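The structure appears right after this line, and notes come after that.
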Amino acid sequence: MHEVQKNDRSLWEVVGDYFRANSIWMKWYCTGCGAIEMPPTMTSRFDMEQLGMGPMATPRQADVLLITGYLSTKTLRRVIYSYEQMQDPKYVVGFGSCTLNGGIYYDSYATINQLDKYLPVDLYIAGCMPRPEAIMNSFGELIEMIKKGEAKGWKHYKENHEWYKANQMDSLGEVIIHDEFHE
Amino acid sequence: MTLMNFIYGFLAVLGAFVFQTSLTGINRKVTARLQKRRGPKWYQQFIDIFKAFSKSSITHGWVYDFGAIMALGGIAATVIFIPVAGMQAFPGLDNIFVISYVLAVGMLGMAMSAAGSGNPWASIGVSRALTNMLAYDIPFMVVVFTLIYQHNTGSVSELASIQQGVGILGWNFFKLPLGGIVSVIALFGMLGKKPFDSFIAPAEIASGPMVEYGGKQLGMMFTLHELMTFIEVSLILNLFFGGGETLLIYMVKYAILYTFTNIVSGVMPRFKIDQAVTFFYKVPLGLAFIQGLLVIYLGWGY
Amino acid sequence: MTMIFIFLGLSLLLSYVLSRKQPTLGAYFTIIASLAGLISVYLLRNSVGVTESFYYLNFQITTIGWYFAMILLTVYFTSAFFNPFWMDELIYPAAYNSLYLLSLVGTIGLFFAQDLMTLFICWETAVWSSMLIVQQGKSRQAAWVYFVISAIGSMSTLFAVLLTMYLSGTSEITGALTYFTTAPVAGALVFGAFILAGLTKIGIFPFHVWLPLAHGSAPHTFSPVLSGGLVKMGAYIAYLSVAVFPAYQVFGDSLKIQGVPLPIYGLMILGAASIVYGTLRAIQQEDAKRLLAYSSVANGGYILIGILMMDQMAFAGGLMHLLNHAVASAAAFLAIAAVAKRTGTTKMSELGGIIHRMPITYTVYLIAIISMAGIPPMGGFVSKWLIFQGLSEKGLILLATAAAFGSIGSYMYVFRPLSAVFLGQLAPKYEHIKEANPVMVTAMLILTAMSLLLGVLPNLVLKTIAKIQIELGINPIIVNGTATLTENGSVDMLQVFTVFGFGFLLILILFMVLPKSRRVGLMDTYTSAEFIHTPELLHYGHSFYAPFERLYEKWPSVLPLYKRMSMKLSELGEWAESFFFHPDPNRAVLWIVVVAIVVIIGGAQ
Amino acid sequence: MTNSMSNWIETLEKDLGVEVLDSPAKLQYFIDVEHTNVHQTLAYLRHVGFTQMSLLSCIDWIEQGKFQLICILMNWENGVHMLVRTMLDRENPEFTTITDIYPGAVYYEREIHEFFGVHFRGNPTYQKPLFLERWDDMPPLRKDFDPQAYSDSKFPRREHPHVFKTKVVEVTE
């Protein structure tokens, strides 16, 4: 990952990070097979609401974007469009090996191999789909990262915007699609 | 109309916000226990609201912001009108119609700023919210009409003080049982609780009017929801459950009533909007009419 | 006072001559003429009781007449500002300008009429002139329906006037009408005829058919006058038939419901029916002007109930609602007219996002609908509150439900144009429209300021209404400072406004303290991550309340009933005609024989 | 095979002059037809009762240098599936559209063109893209297309440093 400076957060940001750590709203982008792991994490056995986490309906309201599985080029365009609609301090969590290195679809013409070339990923959860225990453990990790100010993916995206855009362009050709089905 | 009134008013708004938000946090735990899970911390609702305030936000033009400010301003003003345990920041302003119509200012402000965001889901949510308001408000207004006819006064604090001092049976809920039931059902509609929450349905219309809110506007909408809940529950409390002699009794009764609505709504499905209208115009309106005729022509409930 | 009528008559001819040469000049002249009329009538406010005559028409100034005339003149004055911009769209601009002033003269004459014949003559001038203007609008059929139903009103007024003058001997209104305390049967007949005229003109339920047609298709600049002004003529007639004509004594012995005699209660039920009917139909409309027309039907119901109650609170509420509704619906119609001037259409599904190009028109429309819906800071709330207090004082539960339905339902139909026309996505074809013309904007702002003033300081109007109530002998509405006191509780609108302002200020500070938000375009909204590029697809303006409208889609409307009646009538006519103008001769022979027999028998008597 | 079933197959074979092969699946038969008289067969079968065309798909026999078009028809009266198969040359796969017999085939033809490159003369929209957005390479389902090479070139990978937790670095200016 990238080195993290310790002392560049103002007081307003430190307090904000405390609130943002204890109340994380997720935009469930159920892209792949990992989405089925979320209901058990929410319901009575694991209950992610005790960490202050809960699903929200639109990216405008959400803080964390969960990419829960393989990303085809068409889905990645929609994910990038949603990511840019989210409000700053926003975080991305990549589920499973398909976002890490392409997973079982490493050689497919339709799915991308590595998520963090296109979006700044703050946290990967390994597994070909991680179980709810792994998800709860990694959410605890995410909360610690936010509290300490290490989840700076959104700042990284802002600073190296051209680099991300260049990667997106040569892999996807174009993000906003205007064709017969999207007029 | 001195400076003290305005300070009392500000304290009333602050107190209402703190009391209701902590009560919502406790009720999120109650709903969680309903589903056999542990549920969040009791101050989770505070954290959610302050987190929303701490995030950056977008705007779709001046009407988007003006509507949100007008909505929350209107509702904050209504909280100042509400008599709590006999105390009022501005005495003489607590007429039922003033309160229920200033509520409409809040609803109109939110509707205006939601429609101003240009998102079709927000407009669909607003059209459902207004239809829902037409559904629950007519039976409630008939019951309020009967109360005014019976006690010859429209002021909420007087209606509350009439019921106090005679023990439980003095409450209007027992003197006018049908009216009490109708008003509690209308309370579910007012709060947008489960059976009647098709206008903020997260799955169907992406949380309706709130679809384009993020950052500080979303925090304002959450505070608006908390204050609106405070107004509506305390309105029903004062009219039918005798409002509190002291602040403590008021808060205990308020908590019981609000938790009751939460528990019932925790197990309810969701009406489609036209089913909600037909439901409200069959049973509650019928009960309200019967109650009205009983009071006017047979003189019961005095 | 006759000076005013002479002056307006002259200005009528002058405007005709002027606009023959240059139409917009004639239109600007109508503004000046109506302003002069407004000021001169205002100066008459303390010369009550002066009677003057003009050949055989004699007038008398009464506070109620003065109050009605002032309402009407404000509406005429402010909508006159819009005349110059519609000159090119009208077929006969010169006729329009002169008829505009003629209908003004007719209605003022009606309010100040001292005897019944003047009343009828002024009623006819107003009806005729407004009908000829409505004809210049989109559809001739609307003008024809408008005239037929007004004709019902005129015929019943004529019948009542002649019957009263014959029975009571005098033609002076108050003297003639009070005669009927002694002859209740004829009194009931006269009351029925008079109130029928009032109902047709206010547009109450069975006779409301002309209102959406006439308002919908009248020229844009005349419909505010139609709904703000001319509907008040019917309210005046209703006032005459209940307050001046001693209705409560004449029907004193009939069955009483909660202290209200049965015939008057029946009329109130008609008013309540028109509130419910107007609201339900307004929610369905696709065209903004027809929607506002149906809202005038609903508000007409409030006015009728208020006036018929004749008690301390609801009567004052009814009279004040006259002014509030006139100002609010005139402002709303003018705002829609301004939009129609810029975009060329009033159909809501074709518009959208106009606020981004016409913000002032938007604020005018917003204040107008807040007052029309009866929401506190604006005037509409005070009058609806008084009417509801009056109803709950007397315990009329059915009317109270209809009133509640009307006011809550009005949130729905007033919000529909707000969201479909002004908010939502801005269509590219309206990208470069400009704000309304400054002349138009001043007219609209005058009306907005008035409805705000009425909301914050209702005592200005309630004092005059209290004077009217004293003249009628009912205990007047008590007003101290800005608080209106009634038995069922009081409301101090200035305090409500300050507390509302305080709340608004509080939240404004909170909003300013927090970090500034980033401006984002309208198309950058959440479309569940799908790419949509045409704003028209993303604008939700068509069938806005579809689930609610489906509930009463199949309810029968009154219009087909009238159509069937008119068909039956024409069939009867043809059948009768076939008797006399039949080609084969034996029909003629039959009639000769019949006539012969009649002559013989007659002769033998 | 019930006797009523067998005799209509004989009439079919007699009329079309083609041999109906049985298939392992129940109520499913094959017909192999030359690509010139596919349309008469389809028209006849539609007339006989096979009103529904369930699927039109294509197989790439790269060894024989052939594309095989398969049209699955279904008869609602007796629930029989009939598969009409024909072979096309792989170098320039030309075929005339069957939308005049089965209008529903328009999107199947578009898909086959997108994934195999078969040209369907007479179908105006067969060249427009359907599923793949901004596709810039040869039709992907042909056997001579190498997905691994495409994936490596289009979606590059970098080696993850074996750091499992971000180190917090003390910045000393």
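Letters A, B, C and D mark the chains in the order given here, with residues in each chain numbered from 1 onward.
We adopt the following convention: a residue touches a chain if its C-beta (ideal position, glycine included) is under 8 Å from a C-beta of that chain, and two chains touch if they have at least 3 such contacts.
Bear in mind that the values here come from a model prediction, so they are computed numbers and not experimental data.
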Judged by C-alpha centres, the chain sitting nearest the middle of the protein is B
So, in whole Å, the Cα centroid of chain C is separated from that of chain D by 69
Rounded to the nearest Å, the gap between Cα centres of chain A and chain B is 37
Whole-Å distance, C-alpha centre of chain B to that of chain D, is 60
Multi-partner residues in chain A (2 or more other chains touched) are 58, 60, 177
Flagged in chain B as touching 2+ other chains are 56-58, 206, 211-212, 215
Flagged in chain D as touching 2+ other chains are none
Here the pairs of chains that touch are A-B, A-C, A-D, B-C
The answer for chain B against chain A in the complex is residues 28, 32, 35-41, 44, 47-48, 50-51, 54-58, 202-203, 206-207, 210-215, 218
The answer for chain D against chain A in the complex is residues 128-129, 132-134, 136-137, 140, 145, 147-148, 150-151, 154-158, 160-161, 163, 166-171
Listed in rising order, chain A residues that touch chain D in their complex are 1-7, 73-74, 77, 100-102, 106-114, 117, 145, 148, 150, 170-174, 177, 179-180
Given the complex, residues on chain A that touch chain C span 58-60, 78-79, 81-82, 85, 176-178, 182-183
Within the complex, chain A is touched by chain C residues 524, 526, 529-534, 537
